[in-house]
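See the structures that follow.
The same chain A turns up in both complexes below, where it pairs with chain B and then with chain C.
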Partner chain A sequence: MLIERTLRGHTLSELLIASTIGIFLLGGLLHVFALHTGEARRRLAEAQLHQTLGAAAALITGELRRAGYWSRAREATGGAVNGFADIHVEDDCVLYSYDRDADSSEGIPGSDDRFGLRLRAGALQMKSSDSCGPGGCTDCNSGVWWATTDPASVTVTRLVFAADVHPRSLPDGTSVTARSVRYVLEGALTQNPSIIATIAGAAGVRNDEID
Partner chain B sequence: MRSTELRRDRARGTILPLAALLLFCMAMLALWVAQLHTGALRLATQEVRARELFAAAGVGLETALAQAAPLLANAPPVFDADGRFRIAGPAGAHGDGVRYETFFHNETLLPFDPGIVEIEAKALDESGGVRRQRQQARLRPWLATIPSAPLIAHRGVSLPSELSLRNAAGDVLAWSGGAFSAPGAALDVPAATRCPPTGICDWTSALATFEADAAFEYWFARERATLRTLSATHADVGWLEADGGVIIEGAASHGSALAPRLLIIAGDLEVRGTLAVHGVLYVNGSLTGGAGEITIHGAMIVAGDAMHQGPMTIDYEPGALQALAQRGSYVRIPGSWNDF
Partner chain C sequence: MNAWHGYTLMETLMVLALLAVVMTTSIPSFTGLVDRQRLRAATTAVHDAFHTARAEALRRSAAISVSVESDGDRWCLSLSDDGPCDCRQPDVCRLGERAAPVIDSQRFPGVTLTTNFPAGAAAFHPPRGTGTPGTAQLRNRAGRAELVVSTLGRIRSCAAPAFVRPPC
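Moving on, here comes the complex of A and B:
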């Protein structure tokens, strides 16, 4: 009798109740997983956005620090003109130059020494060359530009540059102008524009301009 | 009964794989989340590391710049067949696991200019990360203007009979911006070039017009605060200052024939004991009537009045002055910094 009762199994109502409880538990569990997965996706997206903008900010800072470098700068204190010293700043564009290959004997930037950073088509673009004349480059639309960020994943929505100048005297009496460039970089995820991030920074130009 | 057992076994056989699948999915999800965090952490760490390396290279550059003059003076460059040299500079640690090395060389400075050096600072971490910074620097001599007489006073001079001025290199024994009184002074210049009638050339038109700061910058091309700071790291510059002026009671000696020194007195000076200087003594105030003994091999410049009661000997030594005009501190050349 006892053996028969043990082997008899569950009644239909027991099975229904157990199934219902099981479904609720499984549903709750799946809901929690879904929440975690969504949060993880969001965090990943934010991290990607921050990483992209951080890398872009590091590029801006590193590039602007180099502005004005001339391999024969020692000749500038003797009267020669350092043609690399100019920095042209517009709202969303900055143009500068440095003697990348240390091959300028005259202090005049070659086409491959002219650089720039600008916001176009949702991307931070960098200029790698420009054949504008020795009179200087002030056109943010000339030259060869390429995107440093991928608009398919991150859209750069705002880029603002502003220059600060600080005249000062060196210990040897030379009058120079120390410069820095402030910038604000704002971006959003292209797939989810509600996720945005802003980075504000300043790049101290290491190569002072001789007055 | 057998059919009931079979049904239950079949149910177990269905549930077990489902449970295993669920566990597998959960494990994969946990792994994915962990990978995301690890990746983000790694990127953040790399960014921080890059910043630390750059900062360490900057510290190395500053340290090397500050120590360039004494290091290069003590270890003159040895050139190879191509006219290049490379000397190790200061090295140290900056931050956690980051160290820097520095070098002085002339790799981009050919033809060689003895007054210019390129400083390279390299920062390294334990994982093999490297950042470099380079800066050209120019030697700024201690003396921007070499005094052309043993004694130069921007104001008046009142010295006793025990004054001995010697200038074997020229005809000027003293320049004074005010009245010059040195009765009975022993003057030693070549007779043929001695300034008539006393052998002392008074040049009153310009010296007296210098303000103290202007005079300092005229002689040293630096602000006082700058030279004071440099004196802490450069043995060939001495800096003495005290409230109410410097008083030398005992015996003080600065510089030698091989290592002349620039001694700056930041204010008035009164010598009650003995003071011997091989190089240049610059009093950025007045020499105020002490009765001690002053002996200078080089030159003495007084920004104010020069009054002294005791014996004074100034022997003009062009070699000591030239040495101070060839030594100095290195300053950055604007436009010569790079990190590539």
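Moving on, here comes the complex of A and C:
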């Protein structure tokens, strides 16, 4: 038996309502997708920033710990003085030396034993050698410096060094000074300066100063 | 009352044909998106490997090699604390007691990797993390990215088109 009510297609208004709902759902989905992509991009950028600053902090810590090393310190007797012992700390700059090639018999740093770390032009710079110009060996602007970070991707915005000294006396009257250097390293992504990160660290200098 | 009816076959076919046209125009832009993501993922993986190599060189006080083997579209990259190694062989590249992770091109279809390090391997040295100067270049249809290692061990990266990384 035939059903009296005939079959009908959709009316225009039904189609419009359906397509409106469809567009809303699709829009919502696209929005979620866009949010997700943006978040992924931000995470990647943050990871890159932390990686760069982490590597820079590891470099700073390693260098400061090594400061003052003199290969012949053990054999040195009498009035021999370790010329590597001095550490010069300024605001955004630290200068130090160590016996890189273990070749200093007199305990006097050569030009390729003098190092430093400083903040210049948005980059952490490292000194590879210094023959000490007119300003002497405590001039943060003398010597050969290289950037260890790339300002095109990460701008180092702040670098502060501060020295701590802990002097003590041995029973025989020798004064021994344990030293450590605190630092704060702050950087931002060059392409998105709102993404910033800060690392605060401290490095105990492993070679105490002996007077 | 026979005036109302559902869609006819012709109408359905026409709608499907229209949909097909829309899809074919949008799929190329989608594959472009996938290509870009693959290049980014490969660049990030290789960049991380270089950073890890430098960090491990400082941490272990040992020279760490970054070995790259490439043969056309296939390539692999791995780290080793025992000189350059062949990352195509399983468990040959080692960091201390452990097998070093291998980055394989199979994870990034269509992305090629070429380097100009001497003998195909870069190395980072203690005590200051100094490196073998050279460039690693990743490429696919979507663009290219470069990682540049300096003598001082700085690892610089750029990408074209730029994404998160600065432009090349």
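Simple rule for what comes next: the second predicted complex is superposed on the first by the 178 of 211 C-alpha atoms of A that agree within 3 Å, B and C clash if a C-alpha of one lies under 4 Å from a C-alpha of the other, contacts with A are read in each partner's own complex, and residues count from 1 in each chain.
Simple rule for what comes next: a residue touches a chain if its C-beta (ideal position, glycine included) is under 8 Å from a C-beta of that chain, and two chains touch if they have at least 3 such contacts.
Keep in mind it's a predicted model, so treat the numbers as computed, not measured.
**Student:** Examine A:R66 and indicate which partner it touches, taking first as chain B and second as chain C; both and neither are also allowed.
**Tutor:** Both partners.
**Student:** State whether A:A76 touches chain B only (first), chain C only (second), both chains, or neither.
**Tutor:** In the superposition, A:A76 contacts chain B only.
**Student:** Which partner does A:D208 reach: the first (chain B), the second (chain C), both, or neither?
**Tutor:** first
**Student:** Considering only touches as defined above, state whether A:S175 meets chain B (first), chain C (second), both or neither.
**Tutor:** So A:S175 meets neither chain B nor chain C here.
**Student:** After lining up the shared chain so the two structures overlap, which partner does A:S131 touch, if you call chain B first and chain C second: first, second, both or neither?
**Tutor:** neither
**Student:** With the two structures laid over each other on chain A, which partner does A:F33 touch: chain B (first), chain C (second), both, or neither?
**Tutor:** After superposition on chain A, A:F33 lies in contact with chain B alone.
**Student:** Which partner does A:T20 contact after superposing on A: first (chain B), second (chain C), both, neither?
**Tutor:** Neither partner.
**Student:** Of the two partners chain B and chain C, indicate the one touching more residues belonging to chain A.
**Tutor:** The larger set of chain A residues in touch belongs to B.
**Student:** Which partner does A:S111 reach: the first (chain B), the second (chain C), both, or neither?
**Tutor:** Neither partner.
**Student:** Determine, under the contact definition given at the top, whether A:A58 touches first (chain B), second (chain C), both, or neither.
**Tutor:** After superposition on chain A, A:A58 lies in contact with both partners, chain B and chain C.
**Student:** Can you list the residues of chain A that meet both chain B and chain C?
**Tutor:** Dual-contact residues (chain A): 7-9, 44, 51, 54, 58, 62, 66, 100.
**Student:** Name, in rising order, each residue of chain A that touches chain C in their complex.
**Tutor:** Touching chain C: residues 6-9, 41, 44-45, 48, 51, 54-55, 58-59, 62-63, 66, 100, 126, 128, 146-150, 152-153, 190-191 of chain A.
**Student:** Please output the residues of chain A touching chain B within their complex, sorted ascending.
**Tutor:** Touch list, chain A to chain B: 4, 7-9, 33, 36-37, 40, 43-44, 47, 51, 54, 58, 62, 65-66, 68-71, 73-74, 76-77, 82, 84-85, 98, 100, 102, 170-174, 176, 206-210.
**Student:** Under the touch definition given earlier, write down the residues of chain C that touch chain A in their complex.
**Tutor:** It is residues 1-7, 40, 44, 48, 51, 54-55, 58-59, 127-129, 150, 152-154, 156-158, 162-166 of chain C that touch chain A.
**Student:** Taking the touch rule as given, give the residues of chain B at its contact with chain A in the complex, in rising order.
**Tutor:** On the chain B side, the touching residues are 1, 4-5, 7-8, 26, 29, 32-33, 36, 39-40, 43, 47, 50, 108-109, 113, 116, 136, 138, 140, 217, 221-223, 226, 329, 331-340.
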